[in-house]
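As written, the chain order gives the labels A, B, C, D and E, with residue 1 at the start of each chain.
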Amino acid sequence: MEVGVFAFFAVLAVVSALGVVLQRSPVHSLLALVATLLAISALLIGLGAVAIGFLLAIVYVGAIVVVFLFVIWLLNLQRDPGEPGHLAAKFFGAFAVAALTAELFAFFVRAPVGPPPAPAGYGSVDRLADLIFRDYLVAFEATSLLLLVAVVGAVAVARRWPADQPRRSGAGASAHGELRRAERA
Amino acid sequence: MTPVSYYLVLGAALFAIGVAGVVIRRNLIVIFMSIEVMLNAVNLTLVALGRALGSTDGQVMVFFVMTVGAAEAAVGLALILAAFRSRHTIKADELNLMRW
Amino acid sequence: MTANLLTLIIFVPLVGALAVALFADERTVWPAAFIFSLLPLALSIYLLVAFNPHDNGYQFVERRPWIADFGVSYHVGVDGISLFLVPLAALLVSLTLLYASGGDIDRRPREFCFFVLMLETGLLGVLLAVDLFLFYVFWELTLIPIYFIIGIWGSQRRVYAAFKFILYTMLGSLLMLVALIYLVLHARGYLGAATFDLTDLYRVPLSHAQARWLFAALALGFAVKVPVWPLHSWLPDAYSEAPTAGSMLLGGAMFQMGVYGFLRFAIPLFPEVAREAAPLFMALGVVGIIYGALLALAQSDLKRLVAYASVSHVGFVVLGVFALDRFSVEGAVYQLITHGLSTTALFMAIGMIYLRRRTRAIGELGGLWRPAPMLGAILMVAMLSAVGLPGLDGFVGEFLVLLGAYFASWQAAALAVSGLILGVLYMLWAYERVMFGPLAKSADRGIADLAPREVAVIFPLIALMFFLGLYPRPLLRRIEPSVVAFLARAQAAPAPALSFDRAKPQEFAGLRVVP
Amino acid sequence: MLTDLLIDAAKAIVAVLLVLNLATVLLWFERKGSALIQDRVGANRAAIFGIGRRLGVPNLGVTNTFVADPLKMFTKEDFVPDQADRFLHTLAPFLSLFPVLVTFAVVPFGDRLIVGSRVIDLQVCQLDVGVLYLLAVLGIGIYGAALGGWASNNRWALLGGVRASAQMISYELAMGLAIIAVVMTFGTLDLQEICRRQGGAWFGWLPKWGIIYQPLAFLLLLTAGIAESKRIPFDMPEGESELIAGYFTEYSGGKQAAFMLTDFAEVVLVSALVATFFFGGWQVPYLYPEGFRLPGIGSVLLPNLVVAVLGVLAFGLKVVFFCWLQILVRWTLPRFRYDQLMYLGWKILLPLGLINLAATAVVIVAVAS
Amino acid sequence: MVNGVVVEFPALKLMLLLPALGVVFNLFLGRRAGRAIVNVVSVAAVVGAFLLALWALGELLALPAGSALKATLWSWIYVGPLQIDLGLRFDALAAVMTLVVSGVGSIIHLYSCGYMGEDPDYARFFAYMNLFTLSMLVLVLGNNLLFMFIGWEGVGLCSYLLIAFWYDNAQFAYNGRKAFVVNRIGDAGFLLGIFALAAAFASRGLWTLDFAAMREHISLVSSAVATMAGLLFFLGATGKSAQIPLYVWLPDAMVGPTPVSALIHAATMVTAGVYMVARLGFLYQLTPATMEVVAAVGAITAFFAATVALAQSDIKRVLAYSTISQIGYMFLGAGAGAFGAAIFHIVTHAFFKALLFLGAGSVMHALGGEQDMSRMGGLRRKLPVTHATMLVATLAITAVPGFSGFFSKDEILEAAYVSGHYWLWGLGVITAGLTGLYMFRLFFLTFYGRSRVEAARLPRLHESPAVMTIPLVILALLSLGGGWIGLPAGMLWGDRIGEFLRPVVGQVKSVPGLEALALSAVASAAALSGLVLAFVFYVAAPGLPERAAAWSGALYRALREKYYVDELYDFLVTRPLFFLSDVAFDRVIDSYAIEGLVDGAAAAARGGAAAIRRVETGNVQHYALTYLCGALAVLAYCLYYSMRHG
């Protein structure tokens, strides 16, 4: 993977990442996120990790970000009207992030070795599958359980309870309120 | 081949941008997306280092990061929905009931 | 039977507590609890009889490994010092239960009995434990029940009082724990294996600085419990806010724990430092005497008056213990017993007054002698015993303490004697305002004299007061060997103030004085 | 080195042009076909200066679909509703068309072609994780429809977009399972390799096509494919009776054409995939690289070029057949209700896919031991 | 110096047992048994003790001089070398005291059967009286200091109980408590004396508090310790025997029933101090300085009390001050070394002072409880027996020659003169005069002159019943003849009592005949002059006392108000004590300082927590920020670490 191609994808990733953070409209930042993810998966594929690259694309771009889109729709989020104030937090945050980047760069710049030629079938699916289903099987099963729990949790939290009337604004709107209502219903 | 430090630096940059998003933006969804960016920055670094060391373990870790990311996104978004339904806002600083 | 007598004594009340808590219903709870408190009393009386007065080491020793790798063993034993405290505690708990059933505790009797019996186990455990860890466990065990007793059945400011009591004692006991652990770890370095056993820890050499700190920690823990003068502010609240039964337990049974701690652990473990600190503690004792007496003078609540009176008496005991003289230590141990009796009797009498007049404020009381002469007589005897009228039990202890203190430093004795004068002053003044004078208007006419149950409850105490006052010999004979051993251990240093050298005759009828 | 690049570029251009032309042909074919099915005349008006009529040739509406409509599409005003997100509005059609066309890069339309010393693999790019690529790119397709609905600031468009994306996600899952089943049977992710492994014949006469191994997977893939392409009977996103034109209600001109094209390109894509996975792609029964080996009769040697051309023709024929099949399906089956759609997707196709997967796994292990 | 034989005599224990049984019976069964039985039991107990005392005296006289009878109740405190038994010792000194206590006691018990006739609490009264007798006997018979101390405090308690017998009246209760507290102060001194003595002997290796043993080894004690011990014991004595400075409780003790005043505050308890000094004579003789102090305090108190008695209008208060004065004489005698004389004066004083009190009691009985002499007068016709017996007692107390008072007081003055305390002797003589004056003032005011009795009380004015008058007559005879057992040397059978006591307390060398006669002549003259002066003032010229009072003005008022000593004590001791305890200790130190510290710590903890709580803003991003900073720090450290280690 030549430096030029890397540079292109790197710039694309950074710009789109900035896009995610700075965009006013949530949908735009979502698209920026898609772009970042694709750039990253391209970089991964460039690094030889072909299987995981495509998997990243499939899982993240195909499913997760779409769910984000769904939520944006459900909440009908328009453009943020800009966020005045909170200057102190912003300044402090920016400063902290800058420091973070400086420190990380200081670390990674001195990483010594260039990547050696990839061994045969380095990033292939069967090598990956081999590892996942042999060495990390327990972890794999655990993640499957995790996903199940996540799904059930998500449904439990987000579903609309039968007793839910359209909520009066704020008053008694806490989760506790729901419980009380559920008991009454 | 491009030296691995470039990847690491890129990863660091993306991570930093993600962190900035989390810390600065008020909108929960955007915060969530920044978190995804951070996660993927880490994925990139993992694979890059894996590639440098010639082991596929990095990729396995990325695989698991993805699953966790997915689970987290699912639950997170559900929470945001529930929060919005009851509090009518997804501004991070307005959801501050858990305070002194 | 005699093999594990002590274990029986300690754990029968606990079994009783559980039995009462689980099985007894409204009707049977008081009799069941009372019977369960009688068992350890009977056993401890058997202990008294079977005790060999000439052996000054531990008797009825039971030792089984408990937590082997920490060197903690279930090691219990009784010696002269703790011999009489055990039956006393058992007796006082039984009397407390008998008294409480008579209307003092009306709400939730089952929980009350449970806590009292649990307290009894803790108390007996503290008195009989020879293993430091075991001692600490029982020490903490006693805290919980008394907290609830004060906290639940107390009067208005009970929560404040209970909480303050717990905080004070907890602070002290935590310091103690730290000291224990340090000592054990240090011992492990020296003995090769960690051991909590008291007799083993005697052999551990400590640098003076270490000993000083450890003694300070232990002493603070016990000083809070005694209470020595500046650390006493929990006592008046705890005593006055607790229900009568609670005050009896606190004032009568639990009062010895602090001093016993000094006698059993603090001083023998660090004799040099103890000797060094003796003048300080004697001074604190004397201050305590005068301070307590003056405070008692200023109180308007009967219970607070008795509370400060016991602060004053504890001052005597502390003076006695830290005079590190044969007479004063024996007197102090004797006073542990007699003070327990008189304070319990006083609280009982006050409880009876409270039951009749529903108030403890001295201002509102008056002229009780006419309707209740027996109550008046009992309160009189209890007060005189507390003040140390010769012929009653208080005097014997006080005389010995003052005698020993005189040997140690005549100034301390001279000041301490003022305690006697002030004692009479506040006691009789209170007695006069409660008993003599016309019957207060607010009192309804129908004040009855003592009911048979009340007489039964207080009679043993009064009888013991007279007996211990007139014939203290059997007790002193048994306490003596252990006190001699304790002093040998503490190498009683020449008292700083005494101008003459004390040629101490060492030989007694066939007694081994263990260095 | 340059020639390789040129060859690849040529392959890519040929693939795209083929697909686009085929799509427009299908457009025409469908218009005339549906007219035939519905016993009506169909488009026959447009003519260029009346040449056809003068020559006595019957006007089959060819100029309609090939000349008139495209011109109209590209010259009409490109209308963007106000307050709509202009950037997204223009991006959406591209995002829906681009992924479909790009997928063809990995579809093999022929075997090796030996030209002088060079061996040309008739597949735009040899990617040994072709299937993963396929799934990844299909995933991106969803955004087209979704953003189309969102960006046109129109309730019905939004509803259409929501329906479209929900439908595509559900059926992508089913399609994925079917494809995985195929991948398991052939043991490789490279589509070219899959086609090669479908060469040869069992018992001399039965060609080893995917359909034999995976009949259920075939059905799953076909149904999911039609659903993916959002064509009747899975026509919810643009159900006329309810949502006017679904997510491309507010589109006109070129962008509208793009959406139309994606529609037909998907049809072609589905038929291509079905052909590749289950019908041997460019495999001609009994045709081996050296020539025909007919069972019982003997073998006929053929030059490589002829074999290659025969392969490509076979592949083309299969694709056309399945396009026809899909159009036929479109004009015969009524539209599903949305919950039936979801029910079919999640409660029938998904379990079937899983069962099929499990069965295939069992068989493979049994065969392997 | 004295070798006597010590014989075991178990009957001594019986002597204590009888009153003890009396106490127990009265307390528990008294109410049910009825008045008659209670009277009988109580008097029998004391009379029994008296008979036993006589029997013991007989046994003692049979033994050679200086011997003693011994009995031990049981072993009391055995602590290592110190072994204290409850041992009884009946030697000459104890014999005299026991006889006085039980003899006068039984007479007074008889008298109180009548006096307390109508009082409902008779059972409790007799219980206390028996308890008092028991304690007094213990005090007197105890063979070691500690057992004696039990008796010492016991009598203090009984005096408290009896003074505050009519407890309904709050003032009586206060006086009772005052008596007990002042006694207790004295007892504290006594206790410290015991310690000093015990320590002194202990330092020499001798562990004992027995009188005999201490007497034997008294040489072991250094003079400094002996002085300190002596003074401490004397402080105890002043407390018990109402000498300056601890005499204030006796006048207030008169609020008790009259028999109590007679028995306790005249005859027995108040003389305990003198007995103790006599018993510890061997200690006092070691240090002349303490002897000086004792004598001086005695004489001064005598004079001081006599002056106050002059101006008192309450009949019992006059007698109280006269008792203080007479005891002053006894201490003067003891201080001068004539312990025998002091004891002899105790005996005679017991007779006539008891008689005076009982007489006053019968007068009050007749007048329905009236105590103020200004509302008496002219009672001699109505109360002939009381009048006659009171006359004998008054003559005895003013030491008119021939009467018992003369012999004992004369011996004391002689001893004072002989031992060189000339100005104390002079003071003594003056006091003798004053005694005559105030005693006859009382006598004349009560029995002679106009009758100032209120009309209401006149009809009930009658002579006391037989049970009260018989004791008066007996005591009158004793006051008359009591003195004859201690005649000055040379006369008839000489100083029998002195001889009898010499082995225990020694004897002062007597003065050659002529000089002694001169001394007694001077003393008698002073006494008679007092008598005449009183006659002039109160009988001959009734107006004179008022004019004298007006003339002396401030002096008279000072006397009447007892030199404002009570107010002084109150100001110097009680008020500061209560201020100290209430304000200084209770409010300031205890609740403010110590409580403040404790509650302050709690408040500080709560305050600190409130401040820290603000960190939880509830805003998720603030938490994220802090998280980030933490990460930065860790990274920085790693960076620093890797930088340093390369």
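The rule is simple: a residue touches a chain if its C-beta (ideal position, glycine included) is under 8 Å from a C-beta of that chain, and two chains touch if they have at least 3 such contacts.
Everything numeric in this text was worked out from a predicted model, so none of it was measured.
The chains that touch subunit A as well as subunit E are B.
Looking at the partners of subunit B and subunit D together, the chains they share are A. Nearest to the common centre of all protein CA atoms is the CA centroid of chain C.
When every chain is reduced to the mean of its CA atoms, the largest separation from subunit D belongs to E. If you tally contacting C-beta pairs for each pair of chains, A-B comes out on top. A straight line joining the Cα centres of subunit C and subunit D is 96 Å long. One simple way to say how far apart two chains are is to compare their mean CA positions; for subunit A and subunit C this gives 69 Å.
Averaged C-alpha coordinates give centres for subunit B and subunit C that are 65 Å from one another.
In subunit A, the positions touching at least two other chains are 51, 55, 63, 89, 93, 96-97, 100, 104, 107. By the document's touch criterion, interfaces exist between A-B, A-D, A-E, B-E, C-E. Considering their complex, residues 1-3, 6, 10, 13-14, 17-18, 20-21, 23, 26, 29-30, 33, 36-37, 40, 43-44, 47-49, 51-52, 55-56, 59-60, 63-65, 67-68, 71-72, 74-75, 77, 80, 83, 86, 89-90, 93-94, 96-98, 100-101, 104-105, 107-111, 113-116, 118-119, 122-123, 127-128, 131-132, 135-136, 139, 143, 146-147, 149-151, 153-158, 160, 164, 167, 169-170, 173-175, 177-178 of subunit A touch subunit B. Subunit B contributes residues 1-21, 23-27, 29-30, 32-34, 36-37, 40-41, 43-44, 47-48, 50-52, 54, 56-60, 62-64, 66-75, 77-82, 84-88, 90, 93, 97 to its touches with subunit A in the complex. Within the complex, the subunit C residues that touch subunit E are 164, 168, 230, 232-233, 291, 294-295, 297-299, 326-327, 330, 367, 369-370, 373, 377, 384, 389-391, 395-396, 399-400, 402-403, 406-407, 410, 413-414, 417-418, 420-421, 424-425, 428-429, 432, 435-438, 470-473, 476-477, 480, 484, 500-503, 505, 508.
Interface residues of subunit E, counted against subunit C in their complex, comprise 27, 74-82, 124, 146, 149-150, 152-154, 157, 160, 164, 167-168, 170, 173-174, 176-177, 180-181, 184-185, 187-188, 191-192, 195-196, 198-199, 202-203, 205, 577-578, 580-582, 585-586, 589-590, 594-595, 598.
By the touch criterion stated above, subunit E contacts subunit A in their complex at residues 621-622, 625, 628-629, 631-632, 635-636, 638-639, 642.
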